[in-house]
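A short worksheet on the structure shown next.
Chain IDs A, B, C and D follow the sequence of writing; residue 1 opens each chain.
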Amino acid sequence: MNAFEVKNPDFESTIREKLKGQHFMHHIGFDLTEITAGKIVGEMDLTKKHMQQFGFVHGGVTATLMDITMGFAAYTLMPVGYGVVTANLSIDFLNPGDGDRIIAIGEVEKPGKKMVFCTAKIYTVKGEEMTQIASARSIMAVISRKRS
Amino acid sequence: MNAFEVKNPDFESTIREKLKGQHFMHHIGFDLTEITAGKIVGEMDLTKKHMQQFGFVHGGVTATLMDITMGFAAYTLMPVGYGVVTANLSIDFLNPGDGDRIIAIGEVEKPGKKMVFCTAKIYTVKGEEMTQIASARSIMAVISRKRS
Amino acid sequence: MNAFEVKNPDFESTIREKLKGQHFMHHIGFDLTEITAGKIVGEMDLTKKHMQQFGFVHGGVTATLMDITMGFAAYTLMPVGYGVVTANLSIDFLNPGDGDRIIAIGEVEKPGKKMVFCTAKIYTVKGEEMTQIASARSIMAVISRKRS
Amino acid sequence: MNAFEVKNPDFESTIREKLKGQHFMHHIGFDLTEITAGKIVGEMDLTKKHMQQFGFVHGGVTATLMDITMGFAAYTLMPVGYGVVTANLSIDFLNPGDGDRIIAIGEVEKPGKKMVFCTAKIYTVKGEEMTQIASARSIMAVISRKRS
């Protein structure tokens, strides 16, 4: 894994503060469990509300967790006064999402001044078994405070 | 727009029935307003729970509406006993999602026996103004009843 | 189709000049036939060198034509002193590329100061029949002359 | 890295045979240097014909090398009588392609009966320095001999 240059040493507390405004994240029940430079991990228990008609995790849940973990992974590397917005999110669904718990890992692949390239993986956990259900890539566009 | 071959003439009632099991769709508050061969439209009022920290529609909401409308657009063309699962979902976020209402349109671009290629557009409505906030493409994989 | 704001009225001659340096485009045998604000069309005859082992157009040829037509479509809207580089290119291959001639159409969907969102379609022509073989989306990143 | 199940023990010679028909690959000057189960590596010297107008590797070259290495990576895992065609190819361009030599690595992420999910990375080499210039994901659709 790369070691990234951190420009805001207080990125974790800045992100913890931002999370309060992540209404959709709270509506789903997702929370972050690891906030490190260029890498975000989050988890949640899967309940009926996360499902589609076949009893599998809804693709929208998977997409949401990817967007959140990659967006905040990019955010950990932003200077004070800068943020990111998602420009492109591309997801491959590898396996049906069947499980009791879901884990999302978002990571920065390559940071830049205008764009940050990220990757994400999503796993479901069923009993002792952990299965990767999706992989994604994203481009996060850097924005200055005026818009954030 | 293309005229597609319909293999299940009762696709609308089949989809209405399936929607009952779309727990995540109901959790968000989204519903379909138009179900025609190869095209699905849906809408919902935007409230605080759909937002991220900057007061814009969460990317996960946008992604969810795209997945649902493209998935069911593909579903309208399936023979009885067949369904679809999302294989790839690729979204470009064109503008910040700022508005009172959101409209999602999912359409089939090219149906096939194994894969259905779809496109989607998302708009927000603020007062009299309508803005396209995202465009997407997807590949829906055709599955037989065993999995659906 | 949208009417886009043109910032360099001489965009066509600027592009014609740039094309001289498109060595890979010439190596393939592709050329542009229409250069208008936000839209580029190009064509070429298909010969054995464009093929893969099944006798169909190579996916790399399709990808190249999409990259070129979308990149120059974005370029038509750049102010003097600015250019674009491809940030993301996402292609769906709808049908096998079987034909005597190939046509590529790249268009701007949404221009911006930092990023231009584009779409492309590729067709093959066999006798009287024209078939769409691929659709794509791209994000072109705007760069200033320093890099271009 | 995963250990994948090999169904055609002669996959390397089968691929070596197929390569003869890869006319576009030969036209570019690319060749494979490593053919193992689920992983393909290839390299070539960069010359003027691979460039665009800024003197960097053309995005179409990058896309072509990704399509080839991911396609053959998927092919290594096919049973006799089966092949693959690219369904989706999504590429992020991380850095300008500046160098004397280019290296492409394509790998299977998750094989399946109908679809194989792959990833690819492209590097340029300039003197002693190696730079990753692009990352990609693809979906390869499995086809039976009738079409291959």
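The working rule: a contact is a pair of C-beta atoms (placed from the backbone, for glycine too) under 8 Å apart; a residue touches a chain by one contact, two chains touch by 3 or more.
Every value quoted in this text rests on a predicted model; they were computed, and no experiment measured them.
Among the remaining chains, the Cα-based centre furthest from that of chain B is the centre of D. As a whole-number value, the distance joining the C-alpha centres of chain C and chain D reads 22 Å. Taking each chain's centre as the mean of its C-alpha atoms, chain A lies 33 Å from chain C. With centres set at the average Cα position, the gap from chain A to chain D is 28 Å. Looking at chain A, residues 87-88, 90, 92, 139 sit in touch with two or more other chains.
The touch graph of the protein chains shown is complete. Only residues 18-28, 48-54, 58-61, 63-65, 67-68, 71, 83, 85-93, 96, 147-148 of chain D touch chain C when the two sit together in their complex. Across the complex, chain B meets chain C through its residues 90, 92, 94-95, 109-110, 117, 119, 132, 135, 137, 139. Residues 87-88, 90, 114-115, 139, 141 of chain D are the ones touching chain B in the complex.
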